[in-house]
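After this come two complexes, each holding subunit A, first together with subunit B and then together with subunit C.
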Partner chain A sequence: MKKKYNFKGGIQCISIKKDPREYFLNYLPDPEKFFIYIKYSHFKKNRLRVKVGQEVLCGQPLTFGDDLIVPVHSPTSGWIKNIYFNPKSSDKNQEKIKIVILSNHLNKWIRLKTIKNYKTYTPQSLIKIIYQSGIVGLGGAQFPSSKKLTLSINKVHTLIVNGIESEPCMTADYCLMQNYINEILIGCKIVAWISKVKDILIVIQEDKTELILKIQKIIENKQLFKLCIIRKKYPGGSSKILIKSLTGKEIPYGKHSIDMGYLVFNVATIYAIKRSIINGEPLIKRIVTLYNKDKNILSKNFWVKIGTPIHFFLNYLKIDSNLNTLIYSGGVFMRYLIVNLNYSIQKNMNCIYVKKNKKNKKKIEYPCINCGYCVHACPVNLLPQEMFLYCKNSDNQKLKQLNILDCIECTVCEKVCPSNIPLVKYFRIGKKIQKNIDIENDRKKLFSSLFRKREKRLLIEKKIFYSKDQISNIKKLDIFSRTQEKEENNSINQKIIEKSLRKEMLKEAIKRAKLKR
Partner chain B sequence: MTVILIFSILSLFLGIILSYIKYSFPIKKNSVVVAVDNLLPQSQCAQCGYSGCYPYAKAIVKDSENINKCIPGGSDLTFKIAKVLNIENVEKSLDSSATKNEKKIYTTVLIDEKNCVGCSKCASFCPVDAIIGSPNFMHTVLQKFCTGCNICLLHCPTNCIKIIKE
Partner chain C sequence: MNILYISNAYDVRKIMILVILACIPGLCTEIYFFGYGVLIQMLLFIIISLLFELIILKIRRKNIKNSLFDCSSVLTAVLLGLSIPFVLPWWMIIFGCFFSIVISKYLYGGLGQNIFNPAMIAYVVLLISFPVHMSSWNEKNSSLSFYKDIKNSINLILFHQKKYDFKEKIYPDSFTEATPLDDFKTKSHFNYDLSQEELLIKKKTKNVSIAWKYINISFLIGGLFLLYKNIICWRIPLSFLSSLFFFSSTTYFYSQNIFCSPLFHLFSGGTMICAFFIATDPVTTSSTKIGKIFFGSIMGFLVWIIRNYSDYPDGIGFSVLFANMIVPLMDAYLKTSGYGRKNS
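And then the complex of A and B:
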């Protein structure tokens, strides 16, 4: 058997999924209304392309997009019912636009431009196609793939295909690989051609034996591809941990894996890149796992169109959404509570987790006893126990020394903790404060440098304005040397005054002497 | 006896070397002024009566100016400067001043480009050169560099500059 890669820390968890029905892909019917949320900020304008009442076709772009924001596409054919602007958003810089699309259940597509031989195109034009089809990282970070690819040209030597789902109940990526492995391999080749990669590593967890055998058979004769197997552990999906466990190198804070020469892509992203280039489809649907904790049978994978409201999704599966059920986006470990059921499925949601609300059990937070379990479990070599102490006392300098910004919020330390302390909650607050301090310092540096530059500029202007013999006066015009000049002048003046006083005294004394005679 | 003599001669030599180094390579920047300058918000708003943050920091250290004149910094900043300069009894002086520690909201400035007549008065007064434009043409603000000091508001003859939240 091949070598199994491992990493420090983490928890081993038992795989819950046993039901073979989980691995089939199911389809959802179209809902009547789609809600599409668009990030919108005042300075980076994500301009709208459509009006209220306009008819749209499936796959038609709704916005123009910016350098950092990819355009958003219509998931269905129909007409636009309404556009809401919501300026009162919790985010500081990101106002949200909500577009409501009524579907006509026809699913008319726009004309798709297919490419058969992608090698006749230049990498730049392929990246442009990827940008225009609105592909972002589907692992959860939502970073535009086109930007990642443009940065990676002539810089990377290996492509890592991330097929790991460390969360125990998620099967979305596994399901995709099971059904569309050939298309994923074509996608890998496209990415390798764009960024001139020499090796391609496909990373899978050890418990998916069927898939490993299947991929090994396909790969056998191909030199580019390599298969890596990682131990079944949580968390393994983060790109930082992945590179550390595969190569042993650590990525320092503030640097990306591209700087080290590794390009990491999720499986779903590569599938989307293949669809966009060869089939010409923009990104309008993704696989979402539904996991119901109480009824294990119900966990399944679905092709869901982006913009489908969550209440429709739950109604179709006959899950009642009352006060007794909690609905999260994300898995067992990393999850966020969904409060508004009108919220729709976004590009970064890969799992919906339904759980019954148990009111009786309320966890009591005991004081920390310095047991050190969290230090052993932390996968990125941090000291959660000390960080917690400084977070409580809000000692920001010490927190920076402990590298709190490297925390990946995997909540392993929280699960291990015997006294039920919500550690990650504290770390999130600490990280926010730390980021604000950093932004403030950057602002200060920028503004002070700009001010100095202006002073210099004014000085040069004045030098040109005055004639050459007056250059000695120009020094006085500089603000920074002005105060020094003043002090010197004052001391000189005082000396002169003292001298004159003494002279007068002498004169008077001589006069008196003359009068006495 | 000899040991004491040797060490005394050695220390004399070292003292001479140190004093020579200090004489030949003097420290140019006043480290206290730099420390105070780093604490100040650097918005160059000139509300303290000085032309910028660096001159104010210099005035605090050298001319013993009041430390509570910075309005965007608030009373929080006064305490920090007092800690650096080792001043006691700050609270007494705080009572007399009207500075309040309000929550920070970053603001920038936007020029209504339809009404701008191109007098180029605002551009000449901006302390960080965030306004660009040539005379008799429309002016615009570079949002990235604007500190929100609102000096340009006073000098606009057509009142076309607005304050917006960042």
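And then the complex of A and C:
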């Protein structure tokens, strides 16, 4: 057996029983209405490409992207029923635009541009295609892949294909790899060609033995590829921890894995890149795992179009969504409660977790007994019990010393804690406060530097003013002794200084205006 | 907690109950060697400390059900009962319980807030105030055994009546039979010749030392059970025992007359119960990994010093309390926290 990579901390999960249902892929029919939510940091109306009542085709871009957000595509053919704007909401995580598309169930595609031989294109043009197809990291980060690729050109030496699903109930990536392994390998080659990578590591967890054997057979003669097996442990899938367990090195604070020469991509992202370049399809669907805790039989994977409302998804599978069921996005560990069932499947949603709400079973919350289980379990070497203490007392300086911003909110500490303390709840609040404090500090620094600049400027102005006075005095005293040349010189100097001053003032004004926004 | 997917999931209450269960082998051997008084005393300890806790919770208006049934005070009482000799009268038991539950636990703020180990506080307080009672360990088979049956031991504990068998001769050492550690200490201080009587005493102490060996071994078994169950961390017992072994073996190598052997150190007195049950009390130890190793080794060193040089026979209580005092300091300075901060 090959070497198994491991990392410190984390929780061991019992692996899921082998079930043929795990790698069957089902298709979901089109719903009547699609809801597409678009996040914009600075809302601009002219970013929209469509109008109310306009007819759209499948795969037609709905927006222009900007350098932060990739374009969004229509998942179906039909017409646009409504566009809602919600620019007032102050919460940054909330979506600003909601587009409602009525489907005509025809699924007419726009003309797709296919590429047979991608090696004839330059990397830049390939990246542009990836950008135009709207591909983001499908593992959950939602970072635009095109940006990652542009950063990585000539900088990285290894591509890590992340096929790990540390959440025990998720099987979406496993399912994808079972069914489309050849296409994924082509995608790997495309990425390797774009960013000039020498090695490709495919990382899989140890319990997927069938898949490991399959990949080993395919890879055998290819030098570029390598297979790495990782222990079944939560959270192995996070890129920080993945690199640490593969190489033993930690990414220095404030840097990215690209700076260390590693490019990490999720399997699903690589599949999407392949589809976009070879087949020309934009990203409009993804695999979603549905996990129903009370009836384990229903756990299956589906191709779901992005924008499908969740209530349609649940209704189709005859899962009653009344008050007694809780619906989360995410797995057992990292999950968020979905309150609004009109909310639709997003690009980063890889699992939907349905659970019965049991009211009678209440956990007792004991005080922290300082047992240190959480310290041993934390995969990024934090001290959760001290962080909890300081969060409770809101001691922000101590929190900063404990590096609370490094917490990846994996909820391992919370699951291990024998006292049933909701630790991550506290950490989220603490992190928010920390971020606000950081922003405030930055602002203060900037304003103080501006103030100092202003003082300097005033000083210079004063000097010029007094020198003017002196000149006039001198003029009055002895007009004849001074030659005219010197005066001219003085005036020219003055003009230059004033010009530079004006420039500076303009720059500062622009900066201030940016901050105010 | 989702038991389906996570392999070890504990609750505070479950941890406490498992630790109490792990005490059972030690308890059985103690009953075998010292008679039923052990059991009665233990029950008294548990009942009285629960009563104290109930009163305090009533006064502080806390949720009685949750706090009373987390079993932490039961565990404290059990540990206290195991580390104390078994002839204490009832008022001394109440005194000990008062110190352990009220003063060292609830005056500091309840479970999880105390800096000192409650069982050891009570032990030390009793040791300082009643040194004679606390250092007399009576054996079941000795000449003056009044603990053979339950009735006598109840009489002894509750009413402090001793029914002596006057047919047998009373040796001056019979009331307060010294522990082997005590015996060793007196011997090392005065080099005296063994007379006829003393030979008899020596025989008896030998008996006692064998009893201690078995008791320690049974605690070791309980501790290994806890380690297997992943409840306690291996760092504290290992570092404690190894540092004790290290110091005692080097000095034993230096002079065999003055110092006793490392094995004797490991298997006598309260070494094993301290290593696996008392020192690993989560509340009062450091929670970082390096801190735990430091904690254990400091304790081993202190135990060795107190056993060899101080006037008290066994230094477990004092060394635990002293190491507890250092814990906040260690927590403040032995911190390694954060991901990727070493390089920057």
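Just so we're on the same page, the second predicted complex is superposed on the first by the 433 of 517 C-alpha atoms of A that agree within 3 Å, B and C clash if a C-alpha of one lies under 4 Å from a C-alpha of the other, contacts with A are read in each partner's own complex, and residues count from 1 in each chain.
Everything below uses one rule, namely that a residue touches a chain if its C-beta (ideal position, glycine included) is under 8 Å from a C-beta of that chain, and two chains touch if they have at least 3 such contacts.
Note that the structure is a prediction, hence the values are computed from the model and not measured.
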Which of subunit B and subunit C A:P29 touches, first, second, both or neither: neither
Touched subunit A residues, subunit B compared with subunit C: C
Touched partner set for A:V332, first subunit B, second subunit C, both or neither: second
Which of subunit B and subunit C A:I364 touches, first, second, both or neither: second
Subunit B versus subunit C as contact partner of A:G53, first or second or both or neither: neither
Subunit B versus subunit C as contact partner of A:D406, first or second or both or neither: second
Touching partner for A:G248 - first (subunit B), second (subunit C), both, neither: neither
Touched partner set for A:L450, first subunit B, second subunit C, both or neither: first
Where subunit A meets both subunit C and subunit B, residue numbers: none
Residues of subunit A touching subunit C in the complex: 11-14, 168-169, 240, 244, 250-255, 332, 363-364, 366-373, 375-376, 380-383, 385-386, 402-403, 406, 415-416, 418-420
List of subunit A residues in touch with subunit B within their complex: 42-43, 92-93, 443-444, 446-448, 450-451, 453-454, 457, 479-480, 483
Partner subunit A, residues of subunit B touching it in the complex: 37-38, 41-44, 51-55, 58-59, 62-63, 127-130, 143, 145, 147, 164, 166
Touching residues (chain side subunit C, partner subunit A) in the complex: 1-2, 4-7, 9-12, 14-15, 66, 70, 72, 110-113, 233, 282-289, 292, 331, 335-344
